[in-house]
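Letters A, B, C and D mark the chains in the order given here, with residues in each chain numbered from 1 onward.
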């Protein structure tokens, strides 16, 4: 039997987490292939609509990561992001969208190993939660229509 | 909250006074210590050098029982037992897989979440807060607090800030009115590893400790580990041989010190069980 | 409410305003918004407990703007919306005359937005217990069940956008749901489209919503979308302190505190 | 219809070892809109770049995706290549197949599949890329150098000598830094002051250098070429123009018992003081915390005795705003407070001192005028023990790294001791002897052979006092493999070099990244050792990592040359990855409704208002407008905009959406 391989998309900022993930590479620290990174200038740029899209397009999990508080390359993008995530998370929770499927983190350019940890632990969490069938069912209507 | 109690072999044998004094002061403070039902060896002797799985299974079983008996905390007075139990908990917490294996071996579920306390941590948390009320006859003399090796190590597990120069025992002794001296041998080796096989080495290592404490004016050495105690107290002849002079400084468990300060009778504190006679009352 | 009529008429008379936005008799026992441009039309102005529609929504509508400077009949919910619109630079004090009405149905004048804020500070938004109870009940459900519940609740939505049309704060010239570059939201009114639409609507109101329930009242299918905005109001209160419009306070989401607390970021 | 070219790099074997590059290229070829795809051993090499250029010309490519290393490494390289082939550089994107794929995964189907997904994602992005044109910003040809140690001094002189203006800011009353505290320097044993002082004077007299001592950076705004720095000039309580540095005040000041920072507490200073005789500027400051006038409200002796009436008790801190084009950080290091190891009894025993304190003892200008005397009783130590790696290379103390300078200065200390106390015995406990450097190994040899310093390989477990002696308990792991005990008269701890206490705060003020030990991070560990991740801000000296003097000086010159290169142009071009508010046909003009939430969220106050008027000049609409000069392109505004009316070039909503969809829709 083949184990469930979660699809996980990572939204990261260019200055801290993307660089941190680069460091994971230069340090040759291994992690799971399931996570694929999309690069943003700053966590402040990350639109909640894109997270929504990700689930709609079949993501089982999402990682959102940027600079630690006070370390933002643009001084305060991550502070704005944090507020947005606090509100967004509350709303999703109210709607019964499983917030455990979105992992938020601060990973600095120096935290190559932390990035590997975040990735692996998230992959494990999502493995345990299994595929996001509830959401896929809902999104499934699209295919049905397409097929008709 | 339910506080469990793991005596281990020493407290039922060579260091019964440790056991007695601990239970006595707990009683004074109105704290119930529930002994783990059907506990087994902690594996402190040779197991951990010979068989990895056994060395984890032995302590793990005790932890599993404690969990089964719904204990929130587990007090382990013997430093060696404590070390084994804590190390096991640490290692199993790190390695999920290993935990599964062990728990299957034991055929018992193992959450591995119970909070393990050594005697100092227990005293700090549960006894110290009520000392102000309970201390009836302060111990107004100089003491040398001797920690030995196992109470504060390994540093990465114990997360102890001052693992080379611990202070926790000193602060407790201060609360008892005593004056803990500043001395360099707090964590020196007492030779426990050789306490049976090469007593002359014990004589030398423990000798230096006893000597230094005496030279710096301590009236008693305070310990929290059965091995330390037996080496400094029971092996006194070997010590005297090494130093070729008679050392009469007594060695007491911190729990005994507290018991005395609480005004309990020397007998309740198990003082009479020592090799080196303890007559500290003279200073009061 | 004869004073209201008198006052309105006087305003039109004196050409201080060109239109009075207020409530009038509707079909059956219902009331509707009326736009009096003639002194005579002021006779139709009424105000009573049935007048729940949030008239502030018209302040930003082009058709109404064309009619000229308005006076607006403004019970508390409308006042809140007016203040929020002011915070968001959508109206200036000189743009309108406010015919304020207290909860005791007394007429009240406001010479400035600031004075509205002072008045509202004694009429704070309060989420009724029946709502907090329902919200708590929903949040108590297991996550999958909760999701199923909402999918079912949103099922009847056929994207008529009445909620959007009724909301005084949905004044965008182009709503993101109508943007197809990229196609942010699946257009069709299938479960995913509905879910996405209502999440977006709620998020866009995060920290702005004044809890007037216009969206819910407007929904032809009676979908309890106001529960979403209400629960977000609670989140605002829990995480960032007070809610409700304020001239000197930044919008919750376009401001921050370096020590904002959260428990989920690793 | 887009024609995308995909170029997959093997990076030698760095990528091809775990990723089936041929298959990635093949799969990329299948993607709709891809006109050409291939793989090659080294895409960044000349032939590799030529390959890209040719494909652009021959196939008329409208976009390029290079699947290779991190864009943080080679994005400029490939964009330049595209430009040379006549393609707008911003039509080129990179898929990170090395750092984010081949290096972090084992060879497997999944790894190759991930590589394909990453490439597809970028292809879909490139399809939506638009030609962009870089923004020109004028260069303010003034450099700000923070820190007046040898690093800052060297950098300032180099930049100034190239003919550019320099502002040198120093926190302390005098420049000179740690180097001015040192006695002799290894491996030549020439006196530190003698080689440093001339440089300090040169700085003071240089026409192009503006020196600000007793001052700190308060705020840094703007970006490369045009920063705005706010400097806090702490009140010195003297009028520098009137003061002629006669020194009467410092001799007359009644508060004399303040431990001198310069003498690491081994000497005393007055409340109005000049840190050391050769200080630059050689003018005193009043230390308010210790001045009895400021504390008790009476005294004013200095004012009475000052011949030029230069004392200003009412002086206040002053904030100065400066326009600068580049910044060099040269804030240096600090030493670990040895209170970190109670087992060594530093602070408890007077005669356990740090290496820096020993420098002061050995220095001719020091409290003992160069004689090695123990602090407790002024006796000359007969037996002295040096503990190398006191804190360094010790994860238990939170410092796993090597402080690099200790091996050498400890050898020097022992040598100096032997030279001054001929009959004395010196011991050094060490882990390894790291003497990599020109003439370094020879130097250590000399210490061992000629000066008969006893090197003991092993660590010290404990130091304690017993009848007047310091008992040093350690172990000899080399010759005897036995515990050793030495009865010493004095112990010197080579305590670890750590980042300055203020480093983290400073980094945050300037938005440069720093490592977990609060040392500033270079942009690339090998190829960009003096740059930071923030363009226009450079690093010099020990603020980046522990360094000795020669290394510090060369890095400082390196940083200086980077600044000079930057200043060699009158304007520089910045990536146009900035936000723009959309425009649409009348009557809408723009979908922006002017709620200005974006403006309140913008970290750079880059968003203003624009009034849209009709032909009669009547205002129809007020919308947001981005000032391209100020916008740094974080995109925070974009995520805020409910009507999606503001978007960011290069990371547009369409592009990001396309990436999400492409990334998630494989098989």
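We take it that contacts are C-beta pairs under 8 Å (C-beta built on N, C-alpha and C of every residue); 3 or more make two chains touch, one makes a residue touch a chain.
What you see is a predicted model; the values in this text were computed from it and never measured.
Chain pairs C-D and B-D differ in how many C-beta pairs they share in contact, with the greater number at C-D. Mean C-alpha position of chain C lies 51 Å from that of chain D. With centres taken as mean Cα positions, chain D sits 48 Å from chain B. Chain B and chain C have CA centres that are 68 Å apart. The centroid of the Cα atoms in chain A and the matching centroid in chain C are 33 Å apart. Across the assembly, chain A contributes 48, 53, 70, 76, 80, 84 as residues in contact with two or more other chains.
Within chain B, contacts with two or more other chains are made by no residue at all.
Of all residues in chain D, those touching 2 or more other chains are 601, 640, 653, 657, listed in ascending order. Touching pairs of chains, sorted by label, consist of A-C, A-D, B-D, C-D. Those residues of chain A whose C-beta lies close enough to touch chain C in the complex are 48-49, 52-53, 56, 69-70, 76, 79-80, 82-99, 103-106, 118, 134-135, 138-139, 141-142, 145.
The residues of chain D lying in touch with chain A in their complex are 70-72, 96, 98-100, 103-106, 108, 110-111, 113-114, 117-118, 121, 507-508, 511, 513-516, 521, 525, 533-534, 577, 601, 603-604, 632-636, 638-640, 648, 651, 653, 656-657, 659-661, 663-665. Considering their complex, residues 88-90, 171-176, 179, 181-184, 204, 250-251, 253-255 of chain C touch chain D.
Remark: chain B residues 155-156, 162-165, 182-184, 188 touch chain D in the complex. Those residues of chain D whose C-beta lies close enough to touch chain B in the complex are 341-343, 348, 396, 461-464, 471.
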